[in-house]
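Reading through the C-alpha cells given below for one structure.
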Amino acid sequence: MSENVEKDRSQVRQKQMIANHFERLSRAKEEGKKVVYTFVPGNLTELLGALDLLPVLPEINALQSGMRKKSGGYISAAEKAGHSEDVCTYVKCDVGMLKNGNFGPTGTKLPEPDLLLLSYTGCFTFMKWFEILKQEYKCPIVMLQVPYQSEGEITEEMRQYVAEQIRDVVVPALEQTAGKKLDMERLREQLRWSAKAEDDLVKVWESAKKRPSPIDGYFGGVHYVGPIFSSFRGSEEAALYYKELREEIEERVARGEGAMTPDGPQAKEKYRLVVEGPPNWTSFNDFWRMFSREGATVVASTYTRVGGLYDQGYRHSPDKPFESMADYALGCYTNLNLPSRVNLLEKYIKEYDADGFFINSVKSCNSFSVGQLLMLRELEKRTGKPGGFIESDLVDPRYFGKANIENRVQSYLQMLDARMNRPLVPGEGLPVALPVLGRAP
Amino acid sequence: MSQEVTTLGDPAAPLLARAQAAIEDRSLNGVKAWKAANPGALAIGHMPIYTPRPLIEAIGALPVAMFGGGDQVDIIRGDSYFQSYICHIPRSTIELALGGDLDALDGVVFPAICDVIRNLSGMWKLLFPEKWSAYLDVPQNFDRNLGGKFYGLELRRLARELHQRGAKELTDDALAQAIADENERRAAIAELDLIRQKEPWRVRASEAYLMVRAGAAIPAREHTKLLREFLGIAGDRKTRAYDNVRVVMIGSFCEQPPIDLLRALEKAGCDIVWDDAQLGMRTIEGSIELRTSEGGRSALDALVDAYCEQGAATASRYIGNEVKGASLIDRVQKTGAEGVIFAAASFCDPALLDQPMLETALNVAGIPHTSFKYAENTAQFQVIREQAGAFSDSVRLFGGGA
Amino acid sequence: MRCVVGIDLGSTTTKAIVLDEHGKIVGQGITNSRSNYEVACAVAREEAVTSTRFSLLERARAAHPDGESVKADMKELQKAFRLELFLEELKELSDTMLRELDRSLTQRALRSVLRPAAEKILERTRDQAPAQFLGDAPRRSDFFRDLASAAFNAGAEEAAKEGSAPFEPLIGLFDRAILQVETRVVKADTSTLLRRAVQRIPAASRDKLDAVVAEASKEPIDEISFTGTGYGRQTLPFPKSAIRSEILCHGRGAHRRFNGTRTVLDIGGQDTKGIQVDDRGVVTSFQMNDRCAAGCGRYLGYIADELGLGLHELGPLAMQHKRVLKVNSTCTVFAGAELRERLSLGQRREDVLAGLHRSIMLRAMSIIARSGGITDEFTFTGGVCKNEMATTMLRQLVAENYGSQITINIDPDSIYMGALGAALFALDDVREGRPAMLPAFVANAANITPPIDLESAAACVTEH
C-alpha cells in the first residue's frame, strides 16, 4: 500500500500469495501445468482451481504495468502496430506487453495460454480483446455470454442460459485443457472457501460505516479486493487472508484509528465520500493523496464491487455450483443497468453517511463511463449531496493531467467544505467602479 | 472526366429526392402520419445494426430505424451527457429525444451493439421513465439450443411487453407474413446491391444508400415498392462507365457517415461496391427461411435460426473459433473489389478494435486497404478526399499487391 | 484602514482586489502574468494597494469642505500619478538597458551605434508620455510592457530606416532589458510619486489638493488577510492555507458583482467553466471543459491566427455576417481545416466566423447544461465576454434553450471576479479568526503600508 508505512500481516500475506502465483506460472510449462487466460468480471476461479488450471488475468497485468510505469510504452507500441488511439488502453497495454516479450508484473515471462476463457461479455471490449489474443496465440478459446441486467434483475432465463453455458460449453473445454474430469466435490470445497472469504470481506467493507472509517474503501479497497477478484478466490489461503484482514480492521476500530493512507493513518476524517468508477493506475498514489491529504476518506466505492456485490447478499454456493457461478457473473457491478447503479450509489451515500460523491470517469471503459454524467445529476437530485467529476484513464499516462485533476479535486473538496460548514460574508450589492491605477510594469 | 451522375433528365431524380426528404424528416412527421392512419398502433424506434423488424411489424407496430441526427442538429444537451471520448450518435439521439423530435415513438429498442448503446438504454430509462424501452441482448453463442434459446426468449419478452402496451398479440401467422414481407424487401435490396457491384456507374453507393435509408421508418412492403420502382428506372438512366477503383467500405455499421462523405469518396475515384452502413437492413444474409419441416420450428424460431446461422460478420458479433477477417475477404472477392476502406466513427469501440485484426487478414491476403475516421456531423472532407484519391490511384497503378 | 487582499493569477493576466473590513471594494490592480508568477502577484497587489490609496484620497476629498471644487482635479491627479509611475518605470528600463549595453560583449562593436539610438528612443518616449497620459485619448494598453514595446518598436524601425542603427540588435536589447525589469519587484514610493503628481496640477487647485492628500495620507493601509487563486494548471506561489479554488472564487465573485446570480459561465483563455451558486454565492456544482480545448478562448485565438487577424478583430468581423453558417467542428484542429475548406469554397469569411462563434457557444452551453443548466440570473464572465459576437450568440442560445425571461449579466470588468471572490474568502478567514498572511514576496516583508510621510516626500520632490 505504501512505501513508508509498516506493512500489516495481511499485506505481507497478500504479497507472498502473489509472488507464489507468478512463481508457479513461471514453472508451469516445465511442470506440465495448464494455463488459462481469463477476466476478472465473471471469473470462474473456483472451476479453474478445482481442475488445477492456473489463471492469468490480462486486466491485472495491464493495471500492474500501469503502476510500474510501463503502460505508456506498451500503449505506444500497440498504437504503432495499428491499434487506434480511441480504444481501451487495457487492451493496448496488454498487446504492447505481448510485443515486448510478455513479461508479467513480477518481471518473469508469462507462459502462453493453453486456453482463452472469455468469462464475461458484459464488456464488449472483452470480446474484441480475446479475438485479438486468439489471433496471437494458436490455442482454443471458449466464451461465456453473460446477458445484461437490462431490467435491473437477474431473470430465470438469464440464469439458466449462463448456467447451461457453464455446464455444456465451459466445463467441457476446461476439462479438455486440464486433461481430466471435473470433480464436483472439489468444486464445492472451493465454493465453500469462497463464501467464507466473502463473509469476511463484507465485514471489512462495512467497517467504513464507522466514524472515523478504519479503511479507505476505494484506494485502500482495491488492495483488499485483490485476492478475491483475481486468482485466489476459492483457496483456503484467500479465506485466511480475509480473516486476518478483518481482524486487523477490527483492531483499528478498537483503537479508533482512521483509514490508512499513503502517509500513514488518516489523522482527521474531514470528508466522507463515495466514489464511482475505476481508479487511475499510473498515478495511483498521487491521486489518492489528492484526497487523503485534504482529509477525505472514501467510505464506499463501486469499483471494488466489479468482482461481486457481496454486500448486497450474493455468495458463492456449494449447493448450487453452476447457478451460483451464473449469478456471480451476472451480478458484476458493471452488468447492472444504469438505474440500478444509481440506486446502489444512492444507498451507499445514505448508508455510509457520506458528505458527497465523486466520479472518476475513465476514457478506456465505456461500460463504466457512459451515462456517468447523468448518474451525477440524478444522484445530486436524489441525495442533495454534491458530486464531483473528473476524467482520466486506467493506464494511459497521457490521460492523467495531474494539475488539472488536482485542481478539480480541490475545487470539489473546497466546495464541500463551503457547503458543509462555513458562514460567509454576505454579498453587498454592486461594487464601486474604481480606476485601475498603479505601476503596471 | 465528370463523375457526377447527370440529374438533368434523370428518371430516378424524383425518387432520390423523396428518399432524401425522408432522411431529413428528423421530427418523424412520416411516422406521425402513419400513426394517424393506423389509430392505436405503436411506433417503435430501434438503434442501428440489427433489430428484428418483422417481429415489430407482426404485432402491428411500425419499426423506425434511428440513425442519429446527421450533420444538421445542434448538440447542446446531448453533449452535456457525454464525455469527449464517446462517439457522436448517442449525443444526437439524446438531443433529438430531449428536443421532442422523437415524441412520435412509443418505445425504443436498443440492440446489443456496444457498451455505449447498452448504457444508453439505461440512460433512456432514467430520462424517459414513462416511455417503454428495452435492451435487446442478441446471442453471441450461436448454438440454437443455447444462444438461440435465450434469444427466442428475449424476442418473446419484447413482443409480450409491447402487447401489454397496446400492440397486437404475437401470432405465428402474422410473424410468418411479416417475415415474407421482409424477405421481399431483402431481395429488392440485394438486387440494388447487385447493380452497384455490376454497374456502379448506374447506381452509385450514395444513391443506393438513400434508397435503403428511405425504408427506415416505413413498413417493409412500402419500402419494397419504393425499391422496385427505383430498380425499374435504374436501367434507363443515361450514364456511362467510369474507370474507378472498386472498394468495400467497412466500419460504418452504427453511427452513419454523412452522405457527403460517400459522395466525396465517389468523387475521389472510388466505387463503393459494398459497405456496412445501415447494416441492420441486411444483417441476415439471404432470406429468412421458415423451417416448419424441421420438427415444428415456429416463425419466431426462424428469426432466431437466421440470426444464429446467417448473421453477417460485424464487429459487434463475436467471432471466436472462425477465422477473423475471412468473411471480409470473401466479401471482397465476391464483389470483385480491389481494396478496402475502413471508415469508422471516431471512438467506435467495436469497429476500431476490429480493424487491426481485419487489416492483418487483408495483409495476408494481399488486399490493399486504407482507413480514416469520421463523425456523423463531419463537415469537411478535403483530407479524406485526398487520402481516398491517393488510395484509388495507387490501387489502379499497382493493383492488388500494392 | 484594515483590509484584505485577493489575488487571481490567471494564464494571461494577474488581478488583485482589496476589500475593506466591511467587504467594500477599495482597490484593484492588474498586470500581465509573466514567467515569474511571484513578481506578477507582487505587482498586481502593489497596484491594488496604490488604488486603495486613491480610494482613501477620494473619501478624504468627499469629506473636505471644498471637496466638490477639486473633483475634476482629482481625476487629473490620478492621470498624473499614472504618468509618474510610467516615468519611474521607464527610468528603470533605461538604466537596465544602458547597463546591459555596457556589459554585453557581443554588442561591443555596435555599442557606439546602439547607445545613442536607444537613448534617443527613451528620451522621446519620456517626452511624449505626458501627452499620452494627461490627455483624454485612450491608450492601447495600460501595461508598461505594451506601451514601452510599442514605442521602442516604432523607434527602432525608424532608426533602421535612417540607417542610424540596425533593427534586430536594438530590439534584442529592449527584449533583454524588459525581461529583467519585469522579473524585479521594485516597491513604488507612493508618497514621492503622489507629491510629484500634485505638482502637475494647475497651481490654483494645488493647495486644496494638498490638504486632501495630507488628510488621506495619514491613514495606514493594513492588510490583515490574503487569499490567492488562479489558473489551476499552474503552481500558485502561495502557501496552501491561503489558496482557494478558482471555481469557488469565480462563483463567489460573480455572485458578489451581481447578487441575483445563480449560474455563472466563465470562458477564459484555457478553460470554460459552468458554475452554479446558491443565494450566498457558494458553489453548489461546477463543470469544466474536459481534456480538449474546444469551446474555450484558445479556440478563437487559433481561428484568429489561422486568418492572420488579431483576437479583438474576430468579433466585430463576425458581426458583419449575413447568415450564420453551420460549423460542426468543435475540435480546435478540425475547425481550422473546416475554415480553410469553407473559404476555399467561396463562403463569406464573416458568415463562417459567425458559425465558429456559434459553435464555441454551443460547447459552452453544453458545459452549463452539464453543471445543471441555467437558473436566473445568469452571469457571463471571462475574456471572451468582451467579444460582441460571442455575447450575441450566447443571448440567442440562452433564449432558445431557457426562454427569454433569463436576466443575463455581462460586465466588461468581469476579469476581476476571481480576485474578488478570493478577497471575500480572505474576509471570511478574518471573521473566523484564522487569517492567512501575505507571502513575503508579495508583501515586501511588512503587511502594513505606512502612512505617507509628507515632509520627507516633499524633500524628495525638491531634490528631484
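All chains are identified by letter, namely A, B and C, in their written order; residue positions are counted from 1 within each chain.
Rule of thumb we're sticking to: a residue touches a chain if its C-beta (ideal position, glycine included) is under 8 Å from a C-beta of that chain, and two chains touch if they have at least 3 such contacts.
Note that the structure is predicted; figures quoted are calculated from it, not measured.
Averaging Cα coordinates per chain and for the whole protein, the chain whose average falls nearest the overall one is A. Seen from the Cα centre of subunit C, the chain whose own Cα centre is farthest off is B. In terms of C-beta pairs in contact, A-B outnumbers the other of A-B and B-C.
Subunit A and subunit C have Cα centroids separated by 47 Å.
Chain geometry summary: the mean Cα position of subunit A and that of subunit B are 36 Å apart.
The distance from the centre of subunit B to the centre of subunit C, with each centre set as the mean of the Cα atoms, comes to 55 Å. Along subunit A, residues 373, 391 each make contact with two or more other chains. Chain contacts: subunit C has residues 290-291, 370 touching two or more partner chains. Along subunit B, residues 80-81, 83-84 each make contact with two or more other chains. Across the complex, subunit C is touched by residues 71-72, 74-81, 83-84, 375, 377-383 of subunit B.
Considering their complex, residues 22-32, 43, 46-51, 54-55, 78, 81-82, 85, 88-89, 142-145, 181-182, 188, 232-235, 244-248, 255-257, 259, 280-288, 290-291, 370, 372, 413, 420, 424, 427-428, 431-432 of subunit C touch subunit A.
Residue ranges of subunit B in contact with subunit A, taken from their complex: 80-86, 90, 112, 114-116, 118-123, 125-127, 134-135, 137, 139-141, 143, 146-147, 149-150, 153-154, 315-316, 318-321, 324, 344, 346-350, 352-357, 359-360, 373. Across the interface of their complex, subunit B is touched by residues 81-84, 86-88, 91, 118, 121, 123-125, 127-132, 134-135, 140-143, 145, 147-148, 150, 157-158, 161, 164-165, 168-169, 337-339, 341-342, 361, 363, 365-367, 369-374, 378, 391 of subunit A. By the touch criterion stated above, subunit A contacts subunit C in their complex at residues 373, 377, 380, 386-387, 389, 391, 399, 401, 403-404, 406-408, 410-411, 414-415, 418-419, 422-441.
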